[in-house]
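Pasting the structures in now, so scroll down.
Common to both upcoming complexes is chain A, partnered first by chain B, then by chain C.
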Partner chain A sequence: MTDIVSPLPGTFYHKPDPNSAPFKSAGDTVAVGDTIGLIEVMKTFIEVKAEAEGTFADYVAPDASPVSAGDVLAKMG
Partner chain B sequence: MAIETLFIANRGEIAVRIIRAAQSLGLKTVQAHSEADAEMLAVRLADKAVCVGPAPAAKSYLNIAAVVAAAKEAGADAIHPGYGFLAENADFARAVEEAGMIFVGPTAETIERMGDKVAARIAAKAAGVPTVPGSDGRISADEALSVAEEIGYPVMIKAAAGGGGRGIRIAQDAAELARLAPQARAEAEAAFGDGGLYLEKVIVNPRHIEVQILGDGTGAAVHCYERECSLQRRRQKVWEEAPAFGLPEATREALCNSAVALAQAVNYRGAGTIEYLYDAAADEFYFIEMNTRIQVEHPVTEMITGLDLVVMMLRIAGGETLPVTQDQITCSGHAIEVRLNAEDPLMQFLPFPGKVASLSIPEGEGLRFDHFLYEGYQIPPFYDSLLGKMIVHASDREAAIELMAETLKDLDIGGLKTTAPLHLALAADPGVRAGDFHTQWLEPWLDAGNLTATDAA
Partner chain C sequence: MAFKVVKPGLSTTIQDLGRPGYFHLGIPEGGAMDRFAMRVANMLVGNDEAEAGLEAVFMGPELSFEDDTLVAVTGGEMPILVDGEPRESWTSFVVKAGQVLSFGFLKSGARIYIAFGGGIATPSALGSRSTYPIGALGGVEGRAIAAGDVIPVGKATDMTERSLDKALLAPVETPVSLRVLPDLYWHRLTPASQAQFFADEWTVAPEADRMGYRFRGGAPMEFVARDQPFGAGSDPSNIVDGCYSYGSIQVPGGQEPIVLHRDAVSGGGYFTLGAVISADMDLIGQLQPNTKVRFVEVTMEQALAARTARRERLDKIRAALG
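The block that comes next holds the complex of A and B.
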């Protein structure tokens, strides 16, 4: 399992906007550079990108939850 | 005064600013804070602090029911909303009054009226304030030429039924308009089933100039001169001055008087700002909107007038009639404010919510630093990036720019990236020094690579 960790403190979102589907679901293929979520930091949204390829396992941090830098956001199989 | 205990429904530097004003009037202060803000400076300075909810602003600072209940519970008789959050929310102003407290600001009706673009434009026109010339309502493609002749080129042509920028075209002259108007009509018809058009004058490279006003709700109002806020990035002001430079005296007088006329016409209560676009080439100004709150850049006005605008707001909210007359308000010297944000200007302004490792603030005549920092303070990532505002006041603009550059070099905020390098580069720029800029100036200046790591050194 590979962890995807937060590069910054902020609020983590699974979806590009509240009415859309999450960026990834369990079983999805993940390529390097794929966006897996957003971190809102000081009113700016920063894309969290996969740094390795694999299969998406699940989100660890809940949607719209506060996270610290280094927190595990999601896991890949 | 009718206020004994003031509840501050905001955070950051403006909460600190409001507490200091309240304390100078002998008021007790109760500071609202979210779970993420328990350690902020305003919490430490206030007589009492109350948690109003979790970190996300929607659940704390923007939660009307929670804020009003917390203020009531704390025994407050007035609420100051600061800027942002609920400051221009008419429902909040109403809820505060319905709970038997004073809202430090205008009435809910004024907030609603001036917050509505169309209603505000109508109020401005009725008070004789110039608005951006346009085709009062819809016109046909055939009428476009005669309307454009009246308001002057360039003109912007758009679908009357449209929105979101769709179908907007700019015509520099009659020939171009004759070519574009039928296209615009056809596109409007296809997109909205309605070929009606709307024409508006394009103000090329306008400056942003705004007038500070104070009113007491009885129709009495004064202006506190104007501010120049043209240096903007992504529609956020980054550097503000007072007074506006290079403004002909007759224009300044007309501008400030028009703001007073509008404030009087709407029986404005409290501190407010009327924003204008200024076409320097034509020496014309046009109303854009009114902000019914204290603004981030209010200190530059305080520096040139010697007034304490937040104290004025509190005294007016406490029931006093206008505490100053127009002839008591004078403009002296030149003031500049720069916004220091927790962002790395050399990394596309990436937010930097770090911890304040050290803090050394220059002090001296004409210097003021409004902020909420202390050594060891961890900046929360949940809110905007404004750390503080460095404000300088000197005899003239050149001296003020010089003082700003020296002061920023002496300011040390350890452990954080801030926008200070941007302001140092701006202070050294010949265009800024000459006052040769407008609202469309800063972004191309940044894109052209004018800010480099060497400036920051």
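The block that comes next holds the complex of A and C.
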């Protein structure tokens, strides 16, 4: 299992906007550089990108939840 | 002397102690959000305290050095790496030509300050190198640093490595207390609402930035009923336009207090219930989103005593690093 961790503190979102599907679902293929979520901080949305390839397992941090730098956001198989 | 920006971080800006003297024209003082940390970083590399360095918020940059440079990192706690090898914070160290300075994940605080022996030597604008992005003033072309920028550094006077005894730093308490002096428009709140503001626990909102720190989680405010005067907006939180000081707390709609910080506007049409005292403003610059905060009422005498205590702490550090 590979952890995808938050590079900075803020609010974590699974979706690009409230009406869209999450960036990734369990079983999806993840390539290096794929966006898996957004962090909102200082009125800016920062894309969280995968740094390793693999298969998406699940989100760990809930949608729209506060996170700190280094928190695990999602797991890959 | 220069260094190259490999990765800029989230929003890394050149800052010094700011450009006072133009606030009445709407140009904010600017400068480091945690001026204490900026001053100490400069002392650690043998600079004048007013030299410019880098302020990085939440994420550190990655910098490649063209010449041997004395560097110090202060402020928030973030692992410091030179070619992947750890270095101490609040301590100066030489980065050799060709080496890369980078950072791990933020552990506490919000902003780190990087000082360079000789100081950053970008052009000064209105007496300061501080970056004010909205006004496109100072810094590199008036903006945050970007990958590929080559930032000039002045000639260092000495390369002596120094370390600060961390016992000289003020302890950070949780929940954080921010001391407030009520001001001109305090009477606009009902006595119950005044008491509630100090009783409630507030949380730093993710929108908090160099212009203002927004807080939420407390009760909405209640205003003393009045007919709005000519020139004021219709909401009870509106006033006839007034001046805002550094640290003043405006509450649009009586909902979420915003503490105005280094890059804030100088006036407007929202009432301000008071101001965070100058001694606590650096502390705000180190608050992460979702941090719990309480506001504590103080008198002018207490505010001045806190300012004196803060100055004495800086004097002790100057003596220790001199």
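Simple rule for what comes next: the second predicted complex is superposed on the first by the 77 of 77 C-alpha atoms of A that agree within 3 Å, B and C clash if a C-alpha of one lies under 4 Å from a C-alpha of the other, contacts with A are read in each partner's own complex, and residues count from 1 in each chain.
FYI, a residue touches a chain if its C-beta (ideal position, glycine included) is under 8 Å from a C-beta of that chain, and two chains touch if they have at least 3 such contacts.
Keep in mind that what you see is a predicted model, and the values were worked out from it rather than measured.
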Task = Answer with first, second, both or neither: which of chain B and chain C does A:T2 touch in the superposed model?
result = neither
Query = Which partner does A:T11 contact after superposing on A: first (chain B), second (chain C), both, neither?
reply = both
Partner touching more residues of chain A, whether chain B or chain C = C
Ask   = Which of the two partners, first being chain B and second being chain C, lies in contact with A:G70: first, second, both, or neither?
value = second
Query = What is the shared patch of chain A, the residues that chain B and chain C both contact?
reply = 8-11, 41-44, 46, 66
Request  = Please name which positions on chain C make contact with chain A in the complex.
outcome  = 10-11, 57-59, 105-107, 110, 206-209, 288-290
Inquiry  = Which residues of chain A touch chain C once you look at their complex with the stated criterion?
reply    = 5-11, 40-44, 46, 66, 68-70
Query = What part of chain B is in contact with chain A in the complex they form?
reply = 36, 55-56, 342-343, 350-351, 353, 381-385
Query = Once bound in the complex, which stretches of chain A touch chain B?
reply = 8-11, 41-44, 46, 64, 66
